[in-house]
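Two complexes are shown next, each including chain A; its partner changes from chain B in the first to chain C in the second.
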Partner chain A sequence: MPFKLTPQPFKAAIKEVEVGCGAKAIKLGGEKTFPFYSFDAEMPNAPKVGVEISDLGFENEVAGIKDFYGDVTNVVEMAKKAAAMEGADFVVLRLESADPNGVNKSVDECAELAKAVADAIDAPLAIMGCKNDEKDGELLVKVSEVLEGKNAMILSAKEANYKTIGASAGMAYGQKVGAESAVDINLAKQLNVLLTQLGVKGETVVMNLGTAAAGYGYEYVASTLDRTKAAALGQNDDMLQMPIITPISTETYGVKEAIASEDDMPEWGSQETRAIDMEVVTAAACLASGSNAVILRHPASVATVSTMIKELM
Partner chain B sequence: MALTGIQIFKLTPKKNCKECGSPTCMAFSMKVAQGAVTIDKCPHMSEEALAQLSEATAPPMKTITIGAGDEEHKLGGETVLFRHEKTLVSKNLYAVNLTAADDADAKLAAMTKVDYDRIGERMYVELVNVKYTGEGADAYAALVQKAAATGRTLVLECADADAAKAALAVCKDKGPVLNGANPSNYEAMSAIATEAGVALGVTADTLEALYDTVAALEKAGNKNLVLDVGTASIKDAFSKAVLIRRAALKDEDRTFGYPSIVNIGAIAAGKPELQAALAAVFTLKYGSILVMEDMSYAQALALYGLRQNIYTDPQKPMKVEPGIYPINGADENSVCVTTVDFALTYFVVSGELERSGVPCNLLISDAGGMSVLTAWAAGKLSAGTIAKFIEEHEIANKIKNRTLIIPGKVAVLKGEMEAKLPDWNIVVGTTEAVQLVKFMKDYK
Partner chain C sequence: MFQITFKFENGDDVIVHALQGENLLEVARKANVAIDAPCSGNASCGKCRVKLLSGELDSQQTRHITDEEYASGYRLACVSKIVGDVSVEVPDIASAYKSRMKVADLSSPEEIAIFEKTKSQIVDSGIQMVNDLSVVEVQMDEPTLDDTMPDNERLTRALQEAGGVEKVTLPYFVIKKLPDVLRDSHFHVKCVVKKNKHGFYVYDIKDAAEDVKVYGLAVDIGTTTVSAVLLNMESGEIIAKASAGNGQIRFGADVINRIIESCKPGGREKMQKAIIEETLNPLTLSMCQSAKIGSDQIYRMCVAANSTMNHLFAGVNADPLRCEPYIPAFFEMNGFKGADLGLEINPNARIIIAPNIGSYVGGDITAGTLASMIWDKPEFSVFIDLGTNGEIVFGNSDFMMSCACSAGPAFEGGDISCGMRATDGAIEACTIDAETMEPSYSVIGDEGEKPVGLCGSGIIDVISELFRCGIINAKGLFVREGKRVRHDEFGMGSYVLAFKEDAGSVKDVEITEVDIDNFVRAKGAIFSGINVMLESLGFDVSVLEHVYVAGGIGSGINMKNAISIGMLPDIPLEKYEYIGNSSLSGAYTILLSKEAEEKVHDLGRNMTYMELSTHPGYMDAFVAACFIPHTDASLFPSLAQR
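Take a look at the complex of A and B:
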């Protein structure tokens, strides 16, 4: 009997979520297949690549990132450059300076910056908080308000602060809500259920299922992504059918492979190359298991991952 | 495809002689179907029936063994498509590509430089893919010999019969793969591979042609195969890798039940970062042998870390060896920090300690591979286990410093530890690893 290719698309689909406005708006999700299984059915929307910038600037980044932003002196200009980066689909502004254990900038000041960035670029915008749940609970509410009409992605609502962020971003001001859980399919589902019960529509939610750098417990990430897509598509679980966004650079730039200097580890070679490889390997692994968007930092990583997506589509 | 009890019953002699330990042939057949007993318990099965049964109960994907001695490797043998279903058994192997156009010595030297240990696993480029580019049989054999001298197992990418024979003459004892069969030459190549006793790589432009070629090879008795997904494009290689594995494991079509070869260096030539990204994709989606143009340390660190994670047993956490791990050039006068042997905890904690720049001795005790709180709850991390570790590893003789920083999450252990280790100054550290950098700097 000869081999006959039988396409096996699922009946269920990942929800399609639009972020941003106008010609540059992007759509995440919508597929009825595992990632890049074009032989089953075309993915209607290619996975997207976001460029992460911090409101603390780029002083501590590796040379290639510093060179890319060059003599830029403020965050708004930095965002414009990020939006124009080759392969970039959206910009992610990380409001690190809000951290009460760090610079501790006021909520209003940060929100104002977010607004200035959103006004300066056409590309869709995502906003990341400072990782302090309490501060983010206030900050992201205010950001959602000032960005009304921008259809931004607010990253993220967690179990600790989903009520305020869900209500403002997802209901009052028409943004998209990132629902962040810690590498566990049941926690992810529970948060989506909570957000839905609050009144946030499933179609306005994207999931951040948590992440880890390659080599650092990444098996949990891979299996959570695999299981989530299998439940969403194979079992038509509509509380897991939200598209998945995975921040990569926030993890990979913290591990030894990306941090150790060449002086300390001469045999490892260029620190920058190591940082890029950690970033692209982790991102590619996430995309292979179902992330609909990844967030990266280095221009070479953004270009590489976006090329890879195009090649696989 | 698994057989039902009824299907097995039809193959038994229906004597009901009870020699198998079951009261009837039917009862025996039911037990075999459930996997409770094996078919060989019945002494009266005909040869023909046994052959039919072994075919039907054979694993969906063959395990192919390549290499020899310490460099023996297993490929394939997978039973599931996703690691959460069951442990993946044969990790993908890496090869670096070598052709006559390369500076062979330099390339092989660079390849052998990547060789290190990560949580008890040796990380290195296991294979060399020696590609024949028409240089002639003798020149090819000489190149193959050079590659073989590294001790690594070879993949001979060669569809030329004479060159393949010459190459095998110098390396067949090392268990190489002869990757050179296609729909037009498979009979000759199969004869060469079989004669040398090595696995044969097969490729074809389309999956249909590949399938027919594999079927023909199997019919001729060669089931020692590896399937090359080709180099038409990235998309084509990915599709083939997924479809071959899915056909074997999901649709139970054993003709495609073989490991794969993906030549990433060829489909992303000159782009090392793209090759790294694709290697990650093929680690998850069904590449068995991944051929790269080169393997830099930077690529290796990320890719081998990923592979080690993906090929762990989902039931069993990764553990590091208990012992003293000096960090930032620590010596016997440096402060001690302790945590559990769960690999993830170890990596995160040691990474943060390194970032602090403060020399310290990280003491890892046996906590059953659990995280701090889990180990504490399970009684695997207690004042007693740490004291025992310090005694058994003769820490007091090896380190003069008497300050020990314990994880903040088990601050409750402080009192008991002071009682058990009276010479030591017990300090409660941070609850999260990320706080360690500041803690260590302040502490110093």
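Take a look at the complex of A and C:
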């Protein structure tokens, strides 16, 4: 008997969320299938790759990243280069210097920088806070304000500060809200419910479910991503139908495989290769489990992952 | 010897003496000063903080105490050593704690009605309310020089004749008083006897002129609260009822910490002493006092308690309960007598222990299941005991299944800043005006009783109302502002139910975000436990015909509000029934009826135990349920209609 393909698209769909403006604007989500199940239904929008840059510069990065940015001296120039990186769909500016336990730059200073970067590039922009919930609560509100009209993605609103960030980014200034939770399908849904109850439209929310670097309890991430997509599509759960964005590099550049120097670990080989490998395998795993966008740092990783996406589409 | 003064926030103080180098937490425990130490003194929880008022302590600063706090005198009791006279302020883990330790009085007509109802339901199921204790009156011939039979033989023969039995056993307690009682009574006596197939066992002997009655003691030993009733074994009449906090509380709030504490040197004795000498005996004596009887007239006792409490009560090593593969020393154990454990009851009184069925489902549940009557109905019911451990039994007359989930002490008012048991001064019901955010509530006690705290049923109402009025969000965080909504320096919100001017306490009666979070976890544990157990059997809540809710949460529990916060499944209200302290009413019927005692063992043996902690879906279900009402709103269709 000849094989007859029976496509099985779901009736429900992942919400389509647009980030950025103009020709380079990107769309996340919109599919009615599991990731890359193109035999069931077409994925209208390929998963996207973002390039992470920090307002602290690139001094501490591995050689390949330093080489890429070369003699760039300020963050705006760095963003322009990142936007032009091969395979990059959007730029992610991480406002690390706002951290009150670090440089502790003022909210206004950081917002000004974000505005300068947004004005300098035409690629879509995402802004990451400094991981201090309280400071981010002020910082991301201000950033949302100064970026009005840019349709940026604000990463992220958490349970602790969703009210201010949700209200400003999602309602007052028309940005997209990243909703961050800690690798748990129920916590993710709860945050979406809270944001929706606040008045933020589901169509303006992108979920950051969190991740772990491959080998660091990643199984739980895979299961969470899988179940989230299954609930969104299979059970038509509209509180889980937001597309998923996964910052990869912020996780992988914290594990020993990526940071142990060759002097300490000669038997592990090149540090740079290891760092790239960690990014690529973690990103590939997340994409295969349901991420609609990943955020990476190394140009080689960005190129590899974007090629993988193209091949799979 | 140094003088140590513990000062409470309400002004009371306790003065004790201690030696150089003694640990402050230990000193406090010896003095019965309750300092909350859930980690049992490992410096890991940071809860045992006290404030230095005068003097010095040798105390290192831990991560739980900031520099400013250390400078202003805060210390952790568990890392503080005595170096001189010292005075410390002990935080009120609430006046609630002390009120938990109070021995309450006679029961209300409503409570007695619950016992009467249980008894009549058991009788309706065909179980006879008959036990083997009775009073036999005998008149003997007084001995003469021609009739030199010894006293014990004289009594034995008289009893053999009176009861038509062959064998009569006279224990030491009886022999010891026999010559005096016989002569004082001119050989006309009443004996308290147990009659079984072997003959008579004589518990006591008294002058026939006395009004001899046989009493029994039913006790529910909860992790947080101990309750008891004293009853007449012939008529079943309850002559006293009392409750108190479990004296072991100061060694840790939950069973795990109690077990850890009991494994320290001398710990097992310490725990047994805390429950028997410090809790049960004072409770028994005060009941006997109020009923005007002697405690040696209590000839039988029934204990319904969870497995850990049973072990610690009996002074048996409970550590294997805690460690894989979680094996108790006993499920059924009926060999104890009053004297074995130093209980203030007749030394020969038999102690019936309601059987355990798993390391975390104990005799309180088998007794409660007996009282719930779910074993006597063809339709499916679920029985839920809201205690520190929430236990759930599902089934019908054909089968029963049980599980336990760790709810914490929130239902009994523990872990809640203004929480208390359902006694005088507890807010038991509440409504809030959506517009003005002003509360109106009812307080347990006489007309005009001022609020002191919140009991379980009150907390359910307050959370449900705060949510309905949009004052808190589904995560339990405050989202509206007003005169009754406050935020402390760390941003933690709270809602004031009664400002201290209007309260019967030294501080405001309020509910904080942390309280709400604790309660939401407790309700999440219960809700997810019910659902996971039903799901694992291929059922859902629609099969339930009856839901019996038991526990010290308070008789005022508003089932509608309990549903609207997502604690109980969304099924029609008429299926719910509150059955009070079912382990106590179960223990009561076990005492009164030999057949009920056999039945409870039968139930224990036939109940299947399901371990939730190893169930793969439980953790997910739990997190999903830690939301008001639930992450999956479709489980609560009736709320969507409102």
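The rule we apply is simple: the second predicted complex is superposed on the first by the 311 of 313 C-alpha atoms of A that agree within 3 Å, B and C clash if a C-alpha of one lies under 4 Å from a C-alpha of the other, contacts with A are read in each partner's own complex, and residues count from 1 in each chain.
By definition in this document, contacts are C-beta pairs under 8 Å (C-beta built on N, C-alpha and C of every residue); 3 or more make two chains touch, one makes a residue touch a chain.
Because the structure is predicted, anything quoted here is derived from the model rather than measured.
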In this superposition, the partner of chain A with more touched residues, chain B or chain C, is B
Contacts of A:Glu219 with chain B and chain C, given as first, second, both or neither: first
On the A-aligned overlay, A:Tyr173 touches which partner chain: chain B = first, chain C = second, or both, or neither? neither
First (chain B), second (chain C), both or neither: which does A:Glu257 touch? first
Given the touch rule stated above, what does A:Ser38 touch, chain B (first), chain C (second), both, or neither? first
Applying the touch criterion given at the start, work out whether A:Phe68 contacts chain B, chain C, both or neither, answering first, second, both or neither. neither
Once the shared chain is lined up, is A:Gln197 touching chain B (first), chain C (second), both, or neither of them? second
Taking the superposition as given, does A:Thr273 touch the first partner, chain B, the second, chain C, both, or neither? first
Contacts for A:Phe58 in the overlay, against chain B (first) and chain C (second): which applies, first, second, both or neither? neither
Chain B and chain C footprints on chain A, overlapping residues: none
Under the definition above, what is the set of chain C residues touching chain A in their complex? 473-475, 479, 620, 623-624, 626-627, 631, 633
Residue numbers on chain B that touch chain A, as the complex places them: 82-84, 113, 118, 207-208, 210-212, 233-235, 238-239, 242-243, 246-247, 253, 255-256, 271, 273-274, 276-281, 283-285, 296-299, 301-306, 308-310, 312, 314, 343-344, 347-348, 350-351, 354-355
Partner chain C, residues of chain A touching it in the complex: 159, 163, 184-187, 189-190, 193-194, 197
Residues of chain A touching chain B in the complex: 2-5, 8, 36-39, 213-219, 222-223, 226-227, 230, 254-257, 259-260, 267-270, 273-274, 276-278, 280-285, 287-289, 300-301, 304-305, 307-308, 311-313
